[in-house]
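In what follows, chain A forms one complex with chain B and a second complex with chain C.
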Partner chain A sequence: MKLSFTRRGLLAGSTAALVTPSILRAQPAEIAIGSLTPNTGGGGPFGPNITASHKRVVDAVNASGGVLDQQIRLFQENSETNPETAVRAADKLINVNQVLGIIGTWSSSVTLGIMPKCQSANVIQMCTSSSADIPVADKKGLVFNFQPLSPIWGRAIANLAKGRGIEKYAMMALNNDFTRSMMDGFIEVVGKDALVQEPFYYNAGQSSYRSEVTQLISQNPEAVFIPSYVADFTAVYKEIFRQGYEGTVITTSLSTGNQFKDAVGAAADGVIHGFPVPAINSPAYKEYLGEAGLEDTGSVQHPFGTAGRDQMSTLLLAIEKAGSTDRAAIAKAVWDVTTGEGKETVYNVADGLAALRAGKEINYSGASGSTEFDEEGMVLGRDFQLSEIKDGKDVVLERLEF
Partner chain B sequence: MSLQLLVNALVNAALIAPPAMAFSLLFGILRFPNFAIGAYITVGAFAAYSLNVSLGLPLVVASGGAMIITAVVVWLTHVVVFRPMQDQSPVTLLVVSIAAAFIIENVIRLFYSADVRGFNIPLERPWKFMDARITREQVEIIIFSGLIAVGLHFLLAHTRIGRAMRAVADNPMLAAIRGVNATWITAFTTALCGLLFGLTGVFAGLDLVIEPLVGWNLTIPIFAAAILGGIGSPYGAMVGAILVGLAEEATFLIIPSTYKVGVGFAIIAVLLLVRPQGLFGTLEIKK
Partner chain C sequence: MSAYLISMGTYIGFFMILALALNLQWGITGMVNFGVAGFYALGAYASGLLTTKLGVPVGLAIPAACLVGMLVGGCVALLSMRLREDFLAIVTLGVGEVIRLIVLNEDRITEGPRGLRIEAQPFRDFVSAENYPLFYLFFVAVFVCLTFFVCERIRKSPMGRTLRAIREDDVVAGVLGKNVLRHRIQIFAVGTFFMGLAGALYAHYTQNISPEVFLPMVAMFIWMSVIVGGAGNNRGILIGAGAVMVFLEGTRFIGDFVDILDAEKMSALRIIMIGLLLIVTLRIRPRGLLPETKFQFKPN
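On to the complex of A and B.
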């Protein structure tokens, strides 16, 4: 085939080549944000609510003109509550989508698993994880945790259990950092004298939990505390029931969702469980219920979906406050828009953006809680709730308000 | 050791004895260690779950259905995956069996997700005698396991097809010369083992929880029991299961529970060094 060039054709081609970059420049710039949530696996009951919250906030902000005159582009990935999957997804979000933040990670192993990649690419992380290793691993001040660390869980659940007059405990915990440090926090409050025997650990995925349960209940304690996840706790609890233990079983609410209740049926009644919950009387929580199309039942709904709303709102407010997409400046601005006194309290991103644009200092108070952060980016406090399963339903026993 | 620990060991043994016997039978006929047994057990658990919970069938009927479904899956896996590769080395087939296990488990995950499930039967409180406690369900598992052992013994020792199975396991070529149809015997053995893996899936679902890794979690104790008893020897697998069950319970008295998962590995490692043919196996002479 013969190719021929005419002067007219060459002129047209050259003009097109020169014009193309200006067309690209004319497209509105976008701010890319990654949402990495546990839509399946252990966090499956919570992930979709977090995802939906991220999207709702972004849609609302984009509809009103975006942030810094730029639209927000949300890239959503499923971590499967699995660190390996999460690392692959983070790679894609960082290198292909060029996100400035990855928010919504739930389990500590996922948050910690993607942290090296995020740190080296200066990507902001926002999570609801509880491992005490998170602030240690964050060398650049880019990580914000919207959930208390696990020793705080242990202390809060212990306080609530003590309040019920329980004096003697036996304990065993799943062998991971989250549950081990939760057990330490629990022991800090009840004291070593309250233990009928040395606490011990078990592994997930054992072929049986019989000997562990035999050991746990051997001294017939008033209560047993078992920090765990749903898969191992369900198997352990079946064995506790089959070995005839009639004392109180205490664990985290992460282990006692519908999967647990469906798997053990009526035997679930009597299990006591606790975890951090949204401040259900706060204006932001009420707004969240409306946004998510939920009725106000007076009880906790979407414990992690609320945190998802707060993560995205905080990040967008921090971008507006920083006035640029520089990651370090945004991270610093997170404290500016969430923490400290003497500022105008706002309960949603629209009011926050309006106040910032009016030159005011703001303190975003979220649906999940007050969202005040310490100097390591860890949320300072959350409400805690202790519930008991009665007739297959969670009945609130007590609530500790922050 | 308290009486309760002995009861615990017996229940453990009853759970792993049938699949250990099935694993040994499969090895005898196919001559490679099949790592897909965990996935077969998971198939059994989920098949029984679907029949019991989704379709509302009684657990006894669901168990029968699950055993048949698992038998079909094991036989199909043999026909589609292992038979075309039967001339490959045992190591190649072992690796292929790991791949087959991953595929089966992930297909289950695709349809059922990683959620934890249970059968539609109420948990029961135990019977108590002396210091020990045992539930009716656990007694049933022990009885079924014992019946399976006796049944397998009868099948192998006193029936024509059992003798044919032993003949094919011992020397397939000689068996073929004597008129034994090795293809049919292999199909029968894989389906029979499938029935046992399916039943183990039901037992595991009752004892633990139904999730995609339920079978994989039992694989190492099953291997340890089969190797301890002498790989290829179903009777040895039964004795091996009891010893592995006891070892897992007894070690808890000495070492922390977190090392319990290593007991099976330790038994395998020590036996391979000291007595590779196991307690009841015969040493293979290689020319």
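On to the complex of A and C.
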């Protein structure tokens, strides 16, 4: 087939190209917000819940008249949990869709990767990332993290493990910023003397982890701690089981979801795992379950979906509080609507907007837990839960409440 | 929108340099290089580390990154001198991964998985923040032109004919007295020189690089650019790089108009559409959008 270009075709194409931007941009009576979530890749198990939460909040607010008498236009993009793709997606959100905030990033490398572009365009970021570099790289006070930094995870898991009387550990971690920092936090609490050998790192996507596991259990430690993600932990755990290790295996709950349990079956029993969890007794969490169509099982569901609800709710409340779409004013207003005492506590965006319009000061308490932020925009605290897999189900061993 | 087009133009520039370099190695000489992402990373980290850790001016760091790319590329070509086609493909794929894993694990030097933040940008003090993206687009465009000029000169020169002869049958080229080994090493090193250049330009543009940026998928995009554009034709390569970026980015806009699919399904559909566009393009133009022209003997 011969490909030919005609002047008429060129004219039609050029006209389409010139007209398109006006369609893609949010219209004057709309406030544009970008959602950049990990719908595929390493964060694939969590991204869709975050995306759905963002959309539910926006739909509810738009149905009741919007914010500042303007509708919210949500532009959703998939980061693919890859910073290279995410930077280009952020470019589109910032320059074409002209969003005032990009929320929902999960991987630290994605959050940090898009940060230079967001900072130069004064775009607010809301994430559930854990790198300790995030507050350092944020020069303009535009970044809000809805998840504790990973050293805090490490310290919390270590405290809970110590409380169970475990004294000697061996450790290996997936080689990324999240897990490495978590390992550092763990060692801070248990102390170097509690380690039977030097901790080490492994790379994701290996076809076999036999030599790593052999090294890990060579001193027959009482427990092994393996900060990881579900794909690599599943392969590592199969090797641990194959080599007949009888001690305690400790990891993060991110690694022990249904994907892991389905893959290893009954062999999953006995694995101990922990992570920051929503306050499951809070009214906001109960409301979230209803919104997401989930039954209240008493156990933690959608830990990142709840954070997605809180990100969007916080941002919309801050816009209403700021009274304008000025990004610096909105960023400042985030603290106003989430942090501080003596204010009216609200658990959803509708009540928050009503209270703000009535001239009240509010403190939004989220489905993922408290959304109080320190001066660097990092969430101040989260409940933390240690569970054990028994008969293929998570049984809560202990819970630290914030 | 113009800021977005400027940004995408800059990314297309990186793709063009990488694709021209790969075309030199594979399209013209027939040397399969699946390690494009590794050499891209090498240039990015060489320039980034020189400026951030050693305080080397960016004007020196970028050429140094090119030289690092060339040296490593030359060594790889030398070590794999007896390998051809699929064997060379495996070696280069391995080299690319080795480079990425070194960057990932030598965190005392490279910052490892935390990623490297790079402040330095070329001519940053002379251009306002507002105009800098446009300036950088022109800056990259200059290097695209230079790369194109060098690649085109090589293609048209007597050396270019030798390279094509090596591509078609290196034994015949050797029998005719051509130094096949020397040509292969030279051209592989020149190609990796330009890959290092693309990496350095990318690093100073995004100002934040991490090993996750340089996954083998990047190499696949560059291979797609060469195949879609027309292997062996440098002009076609420029079109191919642009077309692949249009496929990658253009499909993003569908989600802004289609509300019936949620974001998860939309992102999966997007990947399928990119594949379909490639298949359709190659079905219509099997030798690429602008195929290599056959040289004909024209007696005076």
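Here, the second predicted complex is superposed on the first by the 373 of 402 C-alpha atoms of A that agree within 3 Å, B and C clash if a C-alpha of one lies under 4 Å from a C-alpha of the other, contacts with A are read in each partner's own complex, and residues count from 1 in each chain.
The definition used in the following text is that a residue touches a chain if its C-beta (ideal position, glycine included) is under 8 Å from a C-beta of that chain, and two chains touch if they have at least 3 such contacts.
Since the model is a prediction, treat every value here as computed from it, not as a measurement.
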| item | value |
| --- | --- |
| Clash-or-fit label for the pair chain B, chain C on chain A | clash |
| Which superposed partner A:51 touches (first chain B, second chain C, both, neither) | second |
| Contacts of A:97 with chain B and chain C, given as first, second, both or neither | second |
| Chain B versus chain C as contact partner of A:283, first or second or both or neither | neither |
| Chain B versus chain C as contact partner of A:133, first or second or both or neither | second |
| Chain B versus chain C as contact partner of A:175, first or second or both or neither | both |
| Which of chain B and chain C A:87 touches, first, second, both or neither | second |
| Partner chain(s) touched by A:266 [first = chain B, second = chain C, both, neither] | first |
| Contacts of A:242 with chain B and chain C, given as first, second, both or neither | first |
| Touched partner set for A:210, first chain B, second chain C, both or neither | first |
| Comparing the two partners chain B and chain C, which touches a greater set of residues in chain A | C |
| Chain B/chain C common contact set on chain A | 40, 80, 175, 201, 203 |
| In the complex with chain B, residue positions of chain A that touch it | 40-42, 44, 80-81, 172, 175, 200-203, 205-208, 210-212, 214-215, 230-231, 234-235, 238, 241-244, 259-260, 262-267 |
| Complex contacts: residues of chain B adjacent to chain A | 2, 4-5, 8, 11-12, 15-16, 113-118, 120-126, 128, 133, 135, 137-138, 207-211, 213, 216-218, 220-221, 248-249, 252, 256-258, 260-261 |
| Of chain A, residues touching chain C in the complex | 1, 3, 20-21, 23-25, 35, 37, 39-40, 47-48, 51-52, 55, 75-78, 80, 82-84, 87-89, 91-92, 94-97, 107-109, 112-113, 115-116, 120, 131, 133, 137, 175-177, 180, 201, 203 |
| Chain C residues within the chain A interface of the complex | 1-4, 7-8, 11, 101, 104-105, 112-115, 117, 129, 206-208, 210, 212-215, 217-218, 248-249, 252-253, 255-257, 262-264, 266-268, 270-271, 284-285, 289 |
